[in-house]
Amino acid sequence: MAATITAEDPLTGEEIEIPADVEVGEIVDSPATGAELEVVSTDPLTLEEAPELEEDWGE
Amino acid sequence: MSASHTDAGDDAAYTASVVGGSGFTGGELLRLLYQHPEFDVVQATSRSKERKTVGHVHPNLREMDLRFTSPEDLESVDVLFAATPHGVSMEHVDEFRDAADTVVDLSADFRLDSEDQYDEWYDGHVCPEYLEKSEYALPEINRENLPGADLIASGGCNATATILGLKPLFDAGILEGDEQAVVDVKVGSSEGGAGGGDASSHPERSGIVRPYAPTGHRHEAEIEQFLGLSVSFTVHAVDMTRGASATCHLFPNAPVSKGDLWTAYREAYADEPFMRTVAGGGGVYRYPEPKAVAGTNFGEVGFEVDPGNRRLVVFSAIDNMMKGSAGQAVHAANVALGIEETAGLEFAGLHPVGAP
Amino acid sequence: MSASHTDAGDDAAYTASVVGGSGFTGGELLRLLYQHPEFDVVQATSRSKERKTVGHVHPNLREMDLRFTSPEDLESVDVLFAATPHGVSMEHVDEFRDAADTVVDLSADFRLDSEDQYDEWYDGHVCPEYLEKSEYALPEINRENLPGADLIASGGCNATATILGLKPLFDAGILEGDEQAVVDVKVGSSEGGAGGGDASSHPERSGIVRPYAPTGHRHEAEIEQFLGLSVSFTVHAVDMTRGASATCHLFPNAPVSKGDLWTAYREAYADEPFMRTVAGGGGVYRYPEPKAVAGTNFGEVGFEVDPGNRRLVVFSAIDNMMKGSAGQAVHAANVALGIEETAGLEFAGLHPVGAP
Amino acid sequence: MSASHTDAGDDAAYTASVVGGSGFTGGELLRLLYQHPEFDVVQATSRSKERKTVGHVHPNLREMDLRFTSPEDLESVDVLFAATPHGVSMEHVDEFRDAADTVVDLSADFRLDSEDQYDEWYDGHVCPEYLEKSEYALPEINRENLPGADLIASGGCNATATILGLKPLFDAGILEGDEQAVVDVKVGSSEGGAGGGDASSHPERSGIVRPYAPTGHRHEAEIEQFLGLSVSFTVHAVDMTRGASATCHLFPNAPVSKGDLWTAYREAYADEPFMRTVAGGGGVYRYPEPKAVAGTNFGEVGFEVDPGNRRLVVFSAIDNMMKGSAGQAVHAANVALGIEETAGLEFAGLHPVGAP
Amino acid sequence: MSASHTDAGDDAAYTASVVGGSGFTGGELLRLLYQHPEFDVVQATSRSKERKTVGHVHPNLREMDLRFTSPEDLESVDVLFAATPHGVSMEHVDEFRDAADTVVDLSADFRLDSEDQYDEWYDGHVCPEYLEKSEYALPEINRENLPGADLIASGGCNATATILGLKPLFDAGILEGDEQAVVDVKVGSSEGGAGGGDASSHPERSGIVRPYAPTGHRHEAEIEQFLGLSVSFTVHAVDMTRGASATCHLFPNAPVSKGDLWTAYREAYADEPFMRTVAGGGGVYRYPEPKAVAGTNFGEVGFEVDPGNRRLVVFSAIDNMMKGSAGQAVHAANVALGIEETAGLEFAGLHPVGAP
Amino acid sequence: MAATITAEDPLTGEEIEIPADVEVGEIVDSPATGAELEVVSTDPLTLEEAPELEEDWGE
C-alpha cells in the first residue's frame, strides 16, 4: 500500500493512519468513527471534522 | 372506461391541482382527489416528468387521463395542493395563492408559528408574514380553525403520529408538559420521498433498523408547539415502505391506571372518524401497528402502564403518506370547504398485507 | 362513528353472508361487501373465532360491528359467499342454497365441468349434479352467462392470471391450442390462506424463491377447460403477501408482431373496466406487476416478442385476494344481480407500496 | 466430499453435542461447531425430527453427516450445549452434567443469581443450588470467571445488546445506576424460535412494527443484575429475521461530551475481538445496525448526545442468533476451555445483505 | 485486534488487488480474500471513494485496515481481480496484466470466444486478441483449463445458474441441444450493482415480481457457447438482495425418469465440493432455493418430471455475489494457482435467514 | 453416534446409512434426496418412498 503517516483523530483522540500525500482541503475518513475529516494543514498535519450535509428526510 | 373512473367530472364541486404531483405524497393526493366525489383534478405539475402521463410515474393511476405540466404554468383552481420539498412553497406561495382560493401545503413551510422557530430549527423563512395566517391541518387538534382557512399547513408525519398519541393525555391532565418524554419512532422508506440516495437503494435499505435521526429531528418543534412538551426524539428507518410508528415512553408526575387511560382516549377520540384506540386484548393485532392502517387515513393509538418504572408507554401508528400527509391534507380541505369530513377517505385498508 | 362506516344499512339492496369469514379471502369479502353500496353484511361465520368480532381477526375492519357465528346457523340472505377450503362447499351446498338465492363459492368445488375432471385432478366430487349448473365467475370470459346465475364458482388465482393473459391470443387466432406453453408463476404468501404451516413462518418464508408446485398444479385443469390449451405449469413462492404473476412462454405456429399483439389485447380488453395492457414503454413499471394492482380488482397483462427463439412472452399480474378471488367473486355477483359492475371495486391501489 | 467439511474429525480436541439441535439456535450451534477447528459434533437431539438428517431441517447443513437422536439417549461428550426452551435445562441439568464435563445452556435457566429473581420474573426454579455455580457467558463482562467453568449460562439476546451498549458508561462513571433509562428494542423473527404461532406467519409478520413486549420483559432482570440499573424496557418486532437493535435513551446526572464517550468505549472495547464502536461519520452505515453484523459474532455500539434534552442515546446491534445466543455460547466455551477466543467465529458477515 | 483479522499477513502465499473494490462484487472479493489463508490484499481501488476506508463502504469490513486508492495507480501483485462494469476491463487489460501475473475479471469482457459474439450481443470488443487466451472461471465446466491460466473470465450470474443446472443433462445425453428450452430466472437486487437508479430504490423495488429482461438477455450467449443450446430466457427481479434462481423448462426428445436424473446429477456433481442436488423429499427446503445458499459458494440443483407435458423441470439456485461472481472468481483463482480448491470458501451459510 | 447400517436408497440407487435399530414402519429420510423413506422390511433391509401429503396451496 501507499505510504501513510499518522495524525490525531480530532473526535476520538486516537492516532490514525492516513495517506502520506494528502493535501490541504482533502477529505479522508476516520477509520474509528467513519467521520469525514478535512485536512486543514499539513505542517503540522491537522484534521478537523467536516460536517456532512444533513439529510432532510420525511418532513 | 375504467373502474376507478369515479372522476366526478361536471358534478364535482371543486377544481384542484397538485404541485409536485410526481412525488410520493403528490401521487397520493392525485389518487385521493381522483376518486373524491367533490374534486376534479385539473393539473398536476412536475418539472422532470413534464408531458408524461400521471400513470407513467404512478402505475396505480394508469387510468387517469392527465399529463404533468410545468409548475411555471399554474391553472386557476379552487384548491391547490403543494407537495414539494421544504423551501419551495415559501418561495412560491404568492403564485400559489394567485392561482387558488385555498392552498394546502404538505411541507414544513407553514407549520410553525414564528420566524424564530424557523431560525432555530430550519434555515429561516422568506415570508414569515404568512406564519400567523396559516392553519395546521390536523383536524384532531385544530378542527375549529379550519373552516374557511385559505392557507393550510399539513403536519409532519412523525409529529402527527406523536401528537395524536399524546394529546389525549394533555386533555385529561395526565401529562402537564414538564415530564420526561422519550419518543422512539420507526418509519418506512416512503418518508424519504421519491428522490432517495445511496442509503435508500433496495440492497442497502432492506431489512434495516437504522438510526437516521438519532437526535435533533425537526419534528420536535411541531410537537413542542402543540403540546408544550419537549420530547427526546429519535427516528429509526425500518423495512417497510409506508408507515410511521411512534413509541412514547412517558413518566407522569402521578400514577395512572389503565382505566384512566381508556377514559382519556375515549374522551378524545370517540367521535373522531379516523382514530382508533387499540390497547391490549387478544389476537395478533393488540397494539397500534402501521400495517393495520396502511393505505388508509386512520390513526391507531394505544398504551400500556409499567408501574415498576412509573412509566406509561403510548403507541401510535399511521400511514405517513395518508394520515401523515396526503390524507391529512384532504381531510383538512374537506373541513375547510365544508365537505363531508370523510369524503374520499373511506378506504378501510387491507388484511393481510405485507410490508405496504 | 367511523369513516369506513359506509355500511349502506337500510338503503342496501341485498343482504349477504360470508361463510369462512375469518380466513384471508373471507376477510377481503367482508371488506368489499362492507363498503359496497348495494350489500349489507348480516353474517360472517367462523368455527374457531365464534363470538369474536370481525376486527379481532381483520384489524382493518375494527369499525365493523359484527361477530363471527357458527356455520351451523346460517341466516337467510340474498347472497351467500363461501370462502372455505376445497371440499367444504360441495358438502354443504344444499344448506348454502337453502339459505340464499345466490351462492358464490371461492373454492375449486364448482369450477370444473365434469365429475371426470374432479376424479383426475382432485379426489372426486360428492354432488356432480351441480357442475353443469354452476357458472365460472370471471366476467372477462363468462360475462354473458352470469346474469341470473344462482351458483357461481370463483376461479383459481393462478388460473385466473393465466387465462386473462392468454385469452386475447385465442380470440385473435394467434394461439390455437396445440402450442408448447410454459407458464411460470410467482405467488405471495396469502395464497396459502390463514392456516399456514412450518414453511409459511416468517423466518422460513421471507426472501424466498421456492418451487412449491414444480409440476401437476391443479389449476392446469381450469386453464385447459377454458382455453383448450395444455400448459406446463410451475409455481414459485416469492416474498410478497399479495400477488400472483404469471409469465407465459409461448411458441406460436406463425410469427407474430408487437402490432398484432397490441391489436389482440385492445380488442379483448378495451372495454373491460378492470383490465390494463402494459407492454414496454418508459419509467419503472413497464410490464405487468403485482405491486401495481395490489389491493385492487385490476388485472395487468402485457407481452414481448422474442423472434430469435420464435417465442412470445406474456406477463399477467393480479392480486390473488382480489381479482384472483374475493374481488372476482364480488364482480361476478354484481353482474349476476344486475348491479353496476364496478360497484364496491373502485379502489385504485397505492403507490408506492412495499410488499403488499 | 464437501467444501464445508471442515469437520475437524480426529484432530478436534473436544467432542460436543447439541440438545435442541432442530431449533434455531441449535442449528446455529451445529453450524459453528461443525466448522470449528477444535470441536467434533457427535450428537444433535430432537424429539420431533428423530432419525432425520440435520440437513432436513437446516438446509445450510446438508453436507453434515448426522441424524437427530432422542434427548433421552445422551452420549458422553466434553461439552454439551443445550438450546431448549426455558424450563427444560433446569429439569435435566443433572443428566446434562452426567453426560458432559462442561454444560453451556442457552436458555434463561441459569442466568440469574438467586431463586428470588426466578420467583419474581419467571415461575420459580427447580434446582436453585446451581444458580451460584453457573457463570454468565458474555466474555465482555465475565471473561475472568469463565476459564474452567463447568456450567455456563448464555445471555438473553436483548439483554446482551443492552448490556454491551451500556457497560462502558458504567465503567467510565458516566452512569451510576440511578438514572432514568429507556431501552427501546427492535428484533427479528428468529427470536421467537422455530415454533411460532399465528402472529409469526409470513403474511401477518411481514412489514411490521409490532409492540410485542410493551412492558415487563424478563430481560430487565439480567440487565439490572449486571448493571445495577433499572431499565424501562419495550420490545418491538420488525421485519427482519436476524437481529436485535437496542436504542437506549439515557439521562446522565452530569453533561457528557462525545469525546468522553469515545474514550469510554475505547477503554472498554479496544481489545475486544468482537466489539465495534460506530458513532456517526459518513456513508450509509453511521450507527450500529443489525444488518452490518448479521451472521457474525460481532456487536456494534455507538452513541449520540442530545444536549437540548440532556439526553445520551446509545445504539447497540447484534445478531440474536450469534452474539445473542449461539455465538456467545461458543465464545464462552472457547474461553472456558482455553481455546483461541475467536476460533470458529471469524466470519465477517456480508455486504450487501437484505433482511438476513 | 479483531476477530476477522485472519489476514494472513506474511504467511500468505500471494498478494492480490481488487479493482472496483467499492462495488458489490468488489466488496465480496475483499471479504473473501481478507479471510483467505493464501492471499494478502494490498490494494482496493475506487475513484469515487478514494482515500476512504474499505469499511466506510462495506460495514462488514470495518476491521480491515485498507483505504481505497485510484485505479490509475495499480500496485504490482500476484493476482488482480477486476470487478468493474462491462467495458472497463477490455480498455485496461494491458495495464492489469502489467500489474499482475494473473488477472481474474468478473465482467463479461472476456467470457465469449469470438469478436463476432461481442458484435452480436454487446457493442463489439476493443481487444479481441485476448478472447482466445482467456479461460472461463467456472470450475464445474472448465476445471482442466484453469491451472496456470493468466486471464480468467468469471461467468455471468444468471448464465452460471443455468449452466450448472443443465450441464449434467448434456453429459448424460438427456439433452442434445435441439430441444425447446425455457429458462425463467428470478434475481435479487444486488445483481444491479451498487449504482442503481429509480427502479432500485427501496419503495419501488420492495415486494416486486418485475420482468426486467423479458427477452434478449445477454447471458443467452454464454449459455449457448457452453451448452450448444439456444434458450428462451426471461429474467424477473424479485424481493431479495442476494440470489439467482433459474427454473429451466425442458422438453427432452425421449422420456426420462427421476432415477435417470439422479444418476446424471450424481455423475456430474458427486465429487464437486460446491454442488448439491436437492430434488424433492420432505421438510421445508425440497428444491433448490437461493436462501439455502445465501452468502456461500454453493450451488443447488434439482429437478422434477412432468410426464403429462413431456416436460422436465430443472431448478438451480446460487448466490449471485458468490457462486455467481466473487466466489466463482476466487474458486477459479484457487484452481489456477494450485491452492486447495475450497480455501477461503468454506462458509456454510445461515439458517434461518430472511431475504439475504 | 449410534450404530448405523447401510441400505439402498430406492430413489437414487445410492447406498445410505441409517440407524441400526430401525423397525418396520419407521420413517427415515434419505440424506441425498431428503425424501421420506419407510422401512418396509428389516430382513433384508428394504426402504420405500413414503409419499408425503400434498400441500393444497392457493387453489
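Letters A, B, C, D, E and F mark the chains in the order given here, with residues in each chain numbered from 1 onward.
Keep in mind that, in the parts below, a contact is a pair of C-beta atoms (placed from the backbone, for glycine too) under 8 Å apart; a residue touches a chain by one contact, two chains touch by 3 or more.
Because the structure is predicted, anything quoted here is derived from the model rather than measured.
> So if I look at the partners of chain D and the partners of chain E, which chains show up in both lists?
Per touch definition, common to chain D and chain E: A, B, C, F.
> Quick one: how many steps at least from chain E to chain F, stepping chain to touching chain?
The least step count works out to 1.
> Specify the angle of rotation obtained when superposing chain B on chain C by their C-alpha atoms, rounded to a multiple of 5 degrees.
Superposing the C-alpha atoms of chain B on chain C needs a rotation of 180 degrees.
> Measuring between Cα centroids, what's the chain most distant from chain D?
Taking each chain's C-alpha mean as its centre, the farthest from chain D is C.
> Quick check: more C-beta contact pairs at A-D or at B-D?
It is B-D, judged by the count of C-beta pairs in contact.
> Which chain's C-alpha centroid is most distant from that of chain B?
With centres defined by C-alpha atoms, farthest from chain B sits F.
> Let me have the rounded angstrom distance from the C-alpha centre of chain B over to the C-alpha centre of chain E, please.
Between these chains, centre-to-centre, one finds 45 Å.
> Roughly how far is chain C from chain F, going centre to centre by Cα mean, in whole Å?
A distance of 39 Å separates the two centres.
> Could you give the separation in Å between the centres of chain A and chain C, each centre being the mean of its C-alpha atoms?
59
> Find every residue in chain E that makes contact with two or more other chains and list them.
24, 52, 56, 62, 188-190, 194, 198, 203, 206-207, 239-241, 278, 281-286, 289, 291, 352-356
> Send over the residues of chain A in touch with two or more other chains.
29, 34
> What residues on chain C touch chain E, complex-wise?
So the residues of chain C touching chain E come out as 180, 182, 184, 186, 198-199, 203-204, 206-211, 214-216, 230-232, 234, 236, 238-241, 243, 245, 247, 249, 251, 284-291, 304-306, 308-309, 311, 313, 315, 317, 352-356.
> Flag every residue of chain C that touches chain B in the complex, lowest number first.
Touching chain B: residues 1-4, 6, 24, 27-28, 31, 34-35, 52, 56-63, 188-190, 194, 240-242, 271, 273-274, 276, 278, 281-285, 289, 291-298, 321, 341-342, 345-356 of chain C.
> Within the complex, which stretch of chain D touches chain C?
24, 188-190, 194, 196, 198, 200-203, 205-207, 239, 241, 354-355
> Can you list the residues on chain F that touch chain D in the complex?
These residues of chain F touch chain D: 1-2, 17-19, 22, 26-29, 31, 34.
> Quick check on the complex: what are the chain E residues that touch chain A?
42-43, 51-53, 55-56, 62, 65-67, 69, 73, 75
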